[in-house]
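In the two complexes that follow, subunit A is the common piece, with subunit B as its partner first and subunit C second.
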Partner chain A sequence: MEKKRVKLTIDGKEIEVDDGISVFQAAVVAGIYVPHYCYHPDLSVAGVCRMCLVEIDKVPRLQISCNTPVKEGMVVATASQKARDAQKGSLELHLINHPLDCPICDKAGECKLQDIYRDFGLYKSRMEYENKVHKPKVQDIGTIMLDAERCILCARCTRFTDEVTKTNELVFVNRGDRTTLKTFDDGPLQNEYTGNLADICPVGALTAKDFRFQQRVWFLDKTDSVCTQCARGCNTQVSYNPKTKKLYRVEPRRNVEVNKSWICDKGRWDYHYVYAENRIKFPLEGATKSESTWHHVFGELNARSMENPKSILVLLSTQLTNEELADAKETLPFMGITQMGWLVDESKVGDVEPYDGILKHRDPTANAAGFQKIFEGAKNPVLDLEATSNLLAGNEVTEVWLLGLEGNEFEWVTEKLPGLLKKRLVVHATNQAPWMESATLLLPNVSSFEKSGTVVNALGRLQKVQQAIPTAYLGRDLHRFLTGLREGGDRAKIDASRFADIFAKKVAPVFLKEAQTWRSLSVMGVSR
Partner chain B sequence: MSVLAQERKILLKHIAEPDLGTLKGYERLGGYQALKKALTMAPTAVIEEVKVSGIRGRGGAGFPTGMKWSFVPQNTGKPIYLLCNADESEPGCFKDKLLLEKNPFALLEGIAIAAHAVGSKKSYIYIRGEYAKAARILEKAIAEAYQAGYLGQKVMGSAFSVDLVLHRGAGAYICGEETGLISSLEGKKGQPKLKPPFPAVSGYLGCPTVVNNVETLSTLPWILQNSGAAYAKYGTEKSTGTRLFCLSGWVNKPGVYELELGTPLVDLIEKEGGGMKDGAKLKAVIPGGSSTPPLTAAEVAEARLDFESIGKFGSFLGAGGVIVIPEHVSLVGILETIAEFYWDESCGQCTPCREGTGWLYKIMKMIADGQGKKSDIADLNKTANLMMGTTICALSDAAAMPVLGFLKKFPQEFEAALGTPH
Partner chain C sequence: MKNLKANPYRLPVSQRIYLFAILQGMLITARHFFRNLLNPRSMPNIGYPEKRRNYSSRFRGLQILTLKPDGDIRCTACMLCATACPADCIHITAAESPNPEVEKFPSEFNIDMLRCVFCGMCEEACPVDAIRMGANYELANFDRNDFIYNKEDLLRAGQGAVSRVTRG
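Here is the complex of A and B:
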């Protein structure tokens, strides 16, 4: 049903919006920023910070824009003298008991108190007494550190644990200016989305242990990408310091169709595999895993595939992007390799809804849906796990290449494919697992932070993974791997935009109704 | 006590009868005749009768009761709750306490009438935690009323049923605010709720809810029995009926007095209260409880006890807490105490109130301790103004109004106090 629309004027700008939204939301539509602390688009309205007070024609008192519904013909002033004075007044009141520890506060640089204070300009403090209200400072509540004294009691975090995770760990105790944020019964946080608390905290009261004191935020570059830790594909923003060349933080990027403003703790903090001890840094060969070169690897693999391509089975991970898969779909048969299977725990594939009712999917890979679509109607159909298992039971296949493994979630492989370890194994992975000991070649893959391409999530949404950090070590994505294989050497030139070409020519036509280039594809993704 | 006042008593008519608090005594004095009558009337007719009476809520805000009832939607499919606010917690107010302890059945009868009118099958009395004696009396009265068929299934043999539960608060001022009361009753922290939605539409447990004060509900039996028009004959055109006034402070006979609205304030102090103690000179009167701005002696001479007259002097009738202040008592000390009270009682959710009440109290304390500076008066005014009308409920205003009022009406006293301990 078509929603009723209403026209109103905000700061002289006439706009038309859906009926039923708040004045605050209408201001967002109009591109007008109204200062706020407690309002959050994905939480209920608390209406407590009193920063978004605006003047509305014919209404004697200022109203909080977050809880005032729009009305036809409404005339709103968000920055009139009266509104501005009230906002400044609320800010002043926010600051009177707030500690002045900005230099050592981890939120500095992205703190809303700092931001809005700066907007209103410096002014002299009227507070001439010393006895501020003191509250417990550095408290370990699990993945998060809680500083109750910095807390401005906006109730975003308590609403998050009440409404999103429904775990209710965070509570306010006491009243008046003694009101204090703490965890219920002083226990630790007990949900799998705790990192979001640090994001939504507008000040430095809740900071993530993982990121605490690691970086000053103004040194970080940010890239819009997509989480590849499960089939949900939560939209992310990845922070990278170009000086240290390291990845420091993964944060959710709001997308109401996918993840709202949230991401689970696994998606947020499991990025450490990128720098983990077990990361495969160079091509490794033989039982001793001695360091080799790509040049040598390509020579060897090429020779073997020429010799007897029928003896080779290639298993492709569902962690690979559509572009890598489309590339493999053409290049491998071109080299005579026609036996291809998918490498994913099938028992976890196919759920449309997250198992926890929030975001988490059982399938820990990013692109099972895309994989199926890419290979739909392929000349050489891809094998499912059962067919692969049967093939491995026979003697025809002597060599298995497992390509595109990422992270540490492949323990199930030897259980579901018992015949695997009897074969000659070539494993292309980011991280080494114990079962890979028997591989004759261990080849460094890149993580999803080090490559670009598209994936399709469980909802059937085509989304954009964008390279956020330079390729670590000698890792090669599947494009570079296949090029080297086909050309027979690591000096073969690969066009850096190969993934973009494949997207436009091979992937977009499969998934989208209209032609798209890599650049034109929105970072918000496209639904089926 | 004046003959005039005695003749017209509605709420306190039988207050001196020793058996008023028993069901038998209450029945003997005409109790439950009003409910009997109301149950023969359609709910809309009861609402109409109350509208005609013109009675306005006695909890402080003075909203017309009949109108409040008519806002309740009857077709939502959700239960409707009638809540009795017995959390009388404004400093200076103790009228509900008297009604609860001396005349509990009038309240129970009033609740049954109101429940019938708004279509509520479940009612709660939310009583402040400190009213332990009143709670015991009510528990007993409720049990007796159930026994006698005045509560529960098929009240007085009619088709109407209502259950009533007494709920004791834990002693927070803010739980007297109707949405704070609802939060508390729901088992949550006693914090007022955002409006809209209003309780009439979405209150207790998200259902349509009416919250009425003890005095309002206790008046209903009289209105039903004697008609709304008879009630409206008392008082003024806009402030009908009688009210209970809690007279305290420097008077000879402090206590609860029932007066027609529109009675001169001086009459309450002089005729009812027996005048100023020790012949002291009157300096100021707080007319409606600690949150209402004071009247000067000159204003007291002119003021009448109705919503409009007190409003003319920039104050409110509030919940009828009249506090008489003599010349020799320091207003600085009084305002410091008031500021401390609201600082202690702010629920803490809205920033202006949470931080502002603390700020006001700290400045007032400094002034009272003789540490006051010239800039303090301006800071008090500025801070109090930031707190006016900028929060979810009226506690912030309640804390700011006396500050603004005292500073406006008695500026010299506060300026003189700077740098002098009190």
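Here is the complex of A and C:
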């Protein structure tokens, strides 16, 4: 059924919106910014901050726009003198007991209180410092640091723990200007989405411990990408400092169809494997794991595949992007290597719904759905785990190449593929696991933050992973690996936009109805 | 082949022999020599390093870091100086302070004096009067690494200067 539409005027702009939405949401549609703290698009309306007061014609008093439904013929002024004065009054009340912590506050630079205070003309405080109400400051509540004094009581965090995680750890105690944010029973936060509290807090009351004092936010550049820690593919924004060339945090990017405004703590804080101790930095060779060069490795692998391609089995990780897989699908048979399998814990693949009812999927890899689609109807069908296991039990295969492993979640491999360790192993991974000790060659892979490509999440949505940081150490993505393998050396020039070419030619026609180039593909992803 | 055209830049013989110019220069030197010999007070030289020129109190030399009245470092590691620095020479690492009264402090505070242009923007940007431009201009060293002044060096340069700025 078509929704009823209503016409209204906001700041002289006539717009038509769905009936039933609030004036605030209508202003968002019209592209008008109304100052606010407590309103959040993915939470219920609280109406406590009183910042979004607007003047509505024929209504004697100012109304909060977030909780006023639109009506036909409404005339709204969000920035009239009366509305601005009221908003400024609300702001002044918010600032009365707010400490002057900006130099040490991690939120400084992206703090709504700072932004709106600046918009309202940087007036002098009429409050004397001694009269301020003081509340407990540095409190460790698990993954988050709580500073109750900075809190402006917008209730976003309490609504989040109430509505999204349904764990209710955060509560307000006391009354009036002594209202204080606390965790229930002074316990720690106990959900797996705590990082979002630091995002939705409009001030610095809740800050992430992981990011605490790491960087000032204005030093950071942001890249839109997609989380690759599970099959959900939450949309993310990756912050890195262009001077230090390092990654500092991963934040969710709003996408109503995938993750709303949230991301789980694993996706947010597990990026540390990029800089972990066990990261493979150079090609390592032999039992002693002595440092080697890519040129030497490519020459050797090329020679071995020329000699007896039938003895080689290639296992491709589902963490690889569609472009890398399409490249492998073409290049490996060209080299004579026809035995290919996928490397994923099959018992976890295939869930459409998250197991915890919010976001988390059991499959810790990003692209199992894309893998299946890419290799659908291939001339040499990819082997599932059982077929791989059977093949490993025989003597036909003497050498196994595991390509594109990322992160630390590959302990199951030796359990599910018991024959693996008896073979000659070539492992292309980001991080070293104990079972990789027996590999004859350990090759550095790049993490998802260091490459671009597309992945398909469990909902069948094609999404864009974009490179955020330069390649760390001597890592090579699969495009570079395959080119080097084919050339038998590391001297061949590789086009930096190779993934974009492959996307336009081989990936887009498989997944999408109309032709797309890498540039034309939206960062919001495309649903099939 | 001989160049038949006359060189327009060719000087006349009187100037080409430089004799007149040399005599002129020697005359100037001799004049100063005798003037200083007869009246040494008029010499513009300062007997550095025994004597030093008086600089204005606003002179911008090596930065100093100030202390709080209780003796702790004043700096809160807000990094506004590093942000304002046009030469990108200030490198701060923030950390949790060992003092429970203080939340954040600089565990490292390095200034690369080879990059510093002595503009004073760091002093201008500091919200708590923790960094000031000092008076020291004698910054010669034998090693490039010695030009990187760390927190201890800058505090030493401050000679225990206390900043009495209160917040609010």
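Everything below uses one rule, namely that the second predicted complex is superposed on the first by the 526 of 528 C-alpha atoms of A that agree within 3 Å, B and C clash if a C-alpha of one lies under 4 Å from a C-alpha of the other, contacts with A are read in each partner's own complex, and residues count from 1 in each chain.
Convention: contacts are C-beta pairs under 8 Å (C-beta built on N, C-alpha and C of every residue); 3 or more make two chains touch, one makes a residue touch a chain.
Since the structure is predicted, the reported quantities are computational estimates derived from the model, not experimental observations.
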On subunit A, which partner touches more residues: subunit B or subunit C? B
Examine A:131 and indicate which partner it touches, taking first as subunit B and second as subunit C; both and neither are also allowed. first
Look at A:216 in the shared chain and tell me whether it touches subunit B only, subunit C only, both, or neither; answer first, second, both or neither. second
Based on the superposed arrangement, let me know which partner A:119 touches: subunit B (first), subunit C (second), both, or neither? neither
After superposition on the shared chain, which partner residues are touched by A:53: those of subunit B (first), subunit C (second), both, or neither? first
Give one of first, second, both or neither to describe whether A:100 is in contact with subunit B, with subunit C, with both, or with none. second
So, does A:177 touch the first partner subunit B, the second partner subunit C, both, or neither? first
Just subunit B (first), just subunit C (second), both, or neither: which does A:89 touch? first
If you stack the two complexes on chain A, which partner ends up touching A:45: first (subunit B), second (subunit C), both, or neither? first
Contact residues of subunit A, present in both the subunit B and the subunit C interface: 129
Which of the residues in subunit A end up touching subunit B in this complex? 45-51, 53, 61-62, 67, 69, 86, 89-90, 92-94, 96-97, 126-129, 131, 133, 152-153, 155, 172, 174-179
In the complex formed with subunit C, which residues of subunit A make contact? 100, 102-104, 108, 129, 137-138, 212-214, 216, 218-219, 243
Residue numbers of subunit C touching subunit A in their complex, please. 76-80, 83, 88, 94-96, 103-104, 127-128, 167-168
Touching residues (chain side subunit B, partner subunit A) in the complex: 172, 174, 189, 194, 196, 343-352, 354-359, 362, 366, 373, 375, 379, 382, 386, 389-392
